[in-house]
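Shared between the two complexes below is chain A, which has chain B as its partner in the first and chain C in the second.
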Partner chain A sequence: MRITGRLPVALGCLAGIHLLVIFAGFVSPYSFDAQERFHSFAPPTRVHFFDSNGKFHLRPFVYAVASGDENSNEYREDRSVTYPISFFTAGEEYSLFGVWPCQRHLFGVNAPARIYLLGADGFGRDQLSRLLYGGRVSLFGGFLAAALSVLLGLGVGAMAGFYGGRADDLMMRIADVFIVVPWFYLLLAIRAVLPLHIQPEAAFLLVVATIGVVGWARPARLVRGVALSQRERNFVLAARGFGASNFYLLRRHILPSAWGVALTQMAVLIPQFILAEVILSFLGLGIGEPVPSWGNMLAYAQQYHILVSYWWMLIPGLAPVPVFLAYHGLADYLHARLQSVS
Partner chain B sequence: MIRYLIRRLGHALLLLWGVSTLLFFLLQAAPGEFFSDMRINPQISPGTIAALRSQYGMDRPLPARYFHWMESVAKGEFGYSFAYNLPVSTLLAPRIRNTLLLTVPALLISWLIAVPVGVLAAYRKGNWMDRAFSVGTSTLLALPDLLIALLVLLFALRTGFFPVGGMTSSNQPQGWWKIMLDTAWHMALPVAALVLGSLPTLLRHTRASIVEVLDSSFMRAAHGHGLSAKSSLFRHALPAAANPLISLFGLSVAALLSVSLLVEVIVGWPGIGPLLIEAILIRDLFVVIAAVVFSTMFLVIGNLLADILLYAFDPRIRVQ
Partner chain C sequence: MKRCCGKSFLASILLVAAVVASLRQPAASQDWLRSTADVGRPGGQLAFAERAEPKTLNPVTAVDRPSRDAIRCMSGDLIHINRYTRKTEPALAKSWTISPDGKRFTLQLRRGIRFSDGAPFDADDVVFSFKVYLDEKVHSPQRDLLLVSGQPMTVEKLDAYSVRFTFAAPYSVAERVFDSLAMLPRHLLEKDYAEGKINQAWNLNVTPDKIAGLGAFRLKQFVPGERLVLERNPNYWKIDAKGQKLPYLEDLVFLFVSSQDAEVMRFLAGDTQIISGLSAENFAVLSKDPRSSNYKLEDAGPGLEYNFLVFNLNDDTEGRLPQLARRQKWFNDRHFRQAVSAAIDRSAIVRLVYRGRGAALASQVTPGNKLWINSALPVPQYSIANARQLLQSAGFSWNKDGNLLDKEGQPVEFTILVSSSNAQRTQMATLIQDDLKHLGMKSQVVALEFRAATDRVVQSHDYDTALLGIAGGDVDPTTSMSVLLSGGQTHFWHLGEKKPATLWEDEIDQLMQKQLVAMNYQQRKKLYDRVQEIIAEELPVICLASPHILVGAKQDLGNFRPGIIENYVLWNADEFFWRIPAGNR
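Up next, the complex of A and B:
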């Protein structure tokens, strides 16, 4: 009951975050690699409504910030000129869905002022923009890896459970090996096999494939359990009696019954795999600069002086929290739903 | 009991052998090796590299290398580290000790917290305490371990109450008692991060299994017969709920090992974690294999312990 009520919240939250990330180019004021040398570790820009004379502006505005000299990270606002925030403004070019070139941004300010709602990193790159672009890598990386795992699990599990015998034994022994190694160590071991210094795009595919392949065993086991019990059901036996082929039985009776398990596994695995990508990139074994991922953004916070002085560098670690909460809620719902059905 | 144990032990050894062999062949197939970086260095002649490779037996065919490696495993050396020029076991032994120094206390502490709190939440199911519990655990569950470790580190840096980095002070005190205190002081933070990372899962499972038992018909019967709440909880509910929790014990070892790797890297604790990452980056193959195999061994030992405990606690297992 309580779980059902939370479902729309969880789904809405996920849809919102994914939309933000898909439209990262539009929502973020800058591109993920736009550097501003003089704004290294600029703190989050303050949005004002009252100017220095105490006059109220309906349109919020910001001040340009500058530090005394280039090496100092003490920033002061220059209160003489106001830079109003303009909405749906033209800015740096980006491509929508990777296809259409586009210049419209949700908001922005005129140069020389820059707006960093979540501060800037060491290269003066806007954290908000990088967080949104990084979300693309981390969220979709986790999603694709989970999809790969569950598909592999469905295929192997259904086959093993349906045909049984020698193939089943072999598959489940291999699955045992995958389950018995602490999965993060296994992930690192497989990562050790693959090349280290590669292009970000290749690294993304590689990381997704690695995480996906390492995680196949658990869904495979669960699907196998379903297939084993379905195989003996009367309707399957009847269909076989009418001359249905193995392929037909698998497609029409076994796989559809594994659907619920597969969906629940998706909801369980996606947050786990998002985290896996974040950790790999954090350790320098995943997606590297300049392409942002929540992991490689968070890696800067490993340095003590950054961790202590610039709290906004920790935000990439907080970004997964709402996503995880939503996925956990979804997994609980699917699990409860599945139990009440069976 | 003995026969059961021997069978389980044999199974575990077979599994470890399988894992290590699989890893060996997998890593041999990897592109690039430790010596490939040397080739770029103009100061090292190809002859030197060839000599080094033959010294380590890297120029022999794959089966020969495998048997050579198996031989060194049998001798307890687990191959040779190219980077440190040491047998892997010598390199790994102190690291394993340090990792255990973190994980064992963390395991004990998190179970000592999880069981009473989980029982309390299950016992007061539905009231404000239970609700606060469920909000707390789901929030903690959604916090990435990475962030927890960084926050703990931040806390140490900000307050200055706890030392940061390594496991001993730079001016190490004399006397075993003082050394122990010093190490415990360094351990506090990583252990805290590990406990926070592993606690939510344990809490939720404890609560769930106790709730299930409390809802069962025999508990209602006990209640109906007028047993006091206290005696029914301790005498009947807890032993009945112990079974899934003991199985969870084995799994919690695995979870803890994975979190420990991260925590060690972040707080700079000289455990297996930093060594493994470094070995992956420079392709020090045998170190990678040994680290993964040892982590698997801990997991297997955890499961074995859980099985023995189950055997002791649950008479139903013994019948089979």
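Up next, the complex of A and C:
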């Protein structure tokens, strides 16, 4: 009951985060690679309701910031002019779903002021915009990789469990090999032999494919267990007695019963694989600059001076937390549901 | 009787005191080198962090920085370049004369000098050392410097304390080549050399009794993965103004840490007392730290390191890299290279990467090299309009999306290779990528692990452009010969040229050879100015920026005088001393 109650929260949270990320172009005020070189490491912009004269404004506003010395990262607000935050405003062009060109942004301020709700990085790029765009890579990378490995696992596991014998032995030994493969070194090796001209999209797919292909062994084992027990069930034996083909049995009886396990696995694997992508990008093996991902954004915080001076550079490290909690809530729910059904 | 006993007691105390004092006092029969630095007090130790372990302690084969740093402290050279004044000064050779034709150098060695194991040093050791360095089979990295017009120098012993060096042609910088050429102990290495095993000698498994040198320190202990400890060499040949034997420090410790950030943290924690090669960011963090009253930070000004973008102009005779051939059509066009140079905002690099503690460059000579920089060359103006004009004149055009197309209508896309271990260069690459976007050029930054990146540049030539940096070396033009000469070992943009591929490379070759034999500074400067002009005009490498040398040390370290030639801080470790004894700190 307690678990069931959490489901709407988890689903709502996931839906919300994914929508934000899908509509990153709209929600974020700037594009992920727009540099403002005089705003290097600008702190989060303060949103004001009261101006310097103490007058209240219903519409929130910001001040433009500038650093006194051009080489310093200490910024001061210029309080002489207010820049109201406008909503549904026109700004830099982006493409919605990668197809429709669009200029409307959820919010923005007029130049020369810029709004950095989560601060700016070393090149003066808006962290919020990068976090949202970076979520695309990290969240969907994790999702696609998990889908790939669960699909592979479902296929291989069902076949191994259903046919048994030599086929089972062979497939499970292959699965063992995949479990012991040090995937990190594998990816290093793959990156080293690939040509340099690899587009960010291709790098993304490569990361997804590697994580997904290496990760199929565990779901395959679980599905195999289900298939093994199902194939001896009376209804399966009966269907076989009536002359059902192997393909029919797999499609009609074995795979549907493995579906619950597969979904639970998926909910467990997605956060793991999101983390895998974050780690790979953190180490510079994932997607490359200027395309952001939570991992390569967090990689900047490896540098001591950033760690001690600019706390907002650590936010990409917090971003996965709500996602993981929501996915784990979902996995708990699925698991409980599976147990109550069986 | 009583009085008599008292006298002898007093006498014996005086005698003991005299003996103790004599341990620190030099013997009169030696030719000491008297240091002019502040007089200090003996004792204490100093720790310095290295980013990697040394690979060897053998001066003949060492190429990596940690090895060279340690070896410099353990060995002596004949003539030394003062890192502070950048001028040559006597070291193991107390004086030298040059023949009027500029080909013969006669060096007088100091007398009575001993290696750290107590064996005497004389002309035979010098002759042996140069025999080893000049031996082609040994493949010593120093050999190239000892050749003039392709001919090795000859070395002959005149007597036990004088040696004559003869060059095939007048050699303008002869004095300077002796710097950092470690004199080897013949008694320890002659057997290894005869057996052809000199390259394997003095690796990291060597025990302290098997290694000896003429440096201020000698090997005490090596702990793999952790530290290298050197101890005071009691036979060192320098004294201070008061006649005390140098060095003052008892131990010099090299700690191995993984990154500059770790280096900063160890320094802040007090594990190391001196730090070198700081990034401007870390320099700023250190200067703001509440513990900053414990140490002094110094900006020694622009160094000699220059960072540049190099175009791959290598021949692909075997046709292994068809993609590269297409791109080389652009790279070989001078206007294209000039357009890229004009589109790079060097001031943004200095501001964002070096926080203002750096200098934008016009050529490979940095403002730190005041003696040789061609100050008439302006730093290229950042101008997208200029860059566009240059591209247009070279037949490039833009499509309606603003993407740059070459003469054949192909989009201009290439990669910028950079070593992922260097955060500053990666930052530069990201800035350049953004700059080039304004020209409609699509570039991709590829950050590879250091070795993978250098392999591509030096071995396989499988890259388009690369962002590299060259640090170290001397201020003299001769040290950049291997980059500038068409047949040079590090002629990055076109390695292994049999003959100069272009007229301007031919001109550089001739100018560099001429300056090598020109005997006066004005003449050489004129020749080298022209070389810088050619590089700035033809741009096989686009020189970007040079960082300042940023260093720090504990407040009470005496004689801390950083220089801009490597090693920036440890070059005068023999003169370092603690103003406050270790116990009271």
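In the analysis below, the second predicted complex is superposed on the first by the 324 of 342 C-alpha atoms of A that agree within 3 Å, B and C clash if a C-alpha of one lies under 4 Å from a C-alpha of the other, contacts with A are read in each partner's own complex, and residues count from 1 in each chain.
We adopt the following convention: a residue touches a chain if its C-beta (ideal position, glycine included) is under 8 Å from a C-beta of that chain, and two chains touch if they have at least 3 such contacts.
Keep in mind the model is a prediction, meaning the values are calculated, not measured.
Legend: residue contacts after superposition of the two complexes on their common chain; A:Gln302 is shown touching both chain B and chain C.
By the touch criterion defined above, A:Asp33 lies against chain C but remains apart from chain B after alignment on the C-alpha atoms of chain A.
By the document's definition of touching, neither partner reaches A:Ser245: not chain B, not chain C.
Touch criterion met: A:Gly122 reaches chain C, while chain B stays clear of it. Between chain B and chain C, the partner in contact with more residues of chain A is B.
Legend: residue contacts after superposition of the two complexes on their common chain; A:Pro290 is shown touching chain C, with no touch to chain B.
Chain A residues 192, 195-196, 284, 302, 304, 307-308 lie at the interface with chain B in one structure and with chain C in the other. Across the interface of their complex, chain A is touched by residues 15, 18-19, 22-23, 26-27, 29-32, 138-139, 141-147, 150-151, 153-154, 157-158, 164, 254, 257-258, 261-262, 265-266, 276-277, 279-281, 283, 285, 288-289, 291-292, 295-296, 298-300 of chain B. Residue ranges of chain A in contact with chain C, taken from their complex: 33, 35, 37, 40, 70-72, 122-123, 192, 195-197, 199-200, 284, 288-290, 302-309. For chain A in complex with chain B, the touching residues are 176-177, 180-186, 188-196, 271, 275, 278-279, 282-285, 295, 298, 301-302, 304, 307-308, 314, 317-318, 320-322, 324-325, 328. Residues of chain C that touch chain A in their complex: 260-261, 264-265, 279, 281-282, 284-285, 323, 345, 348, 351-352, 355-357, 413, 415, 417, 420, 423, 426-427, 429-431, 433-434, 444-447, 452, 456, 462-464.
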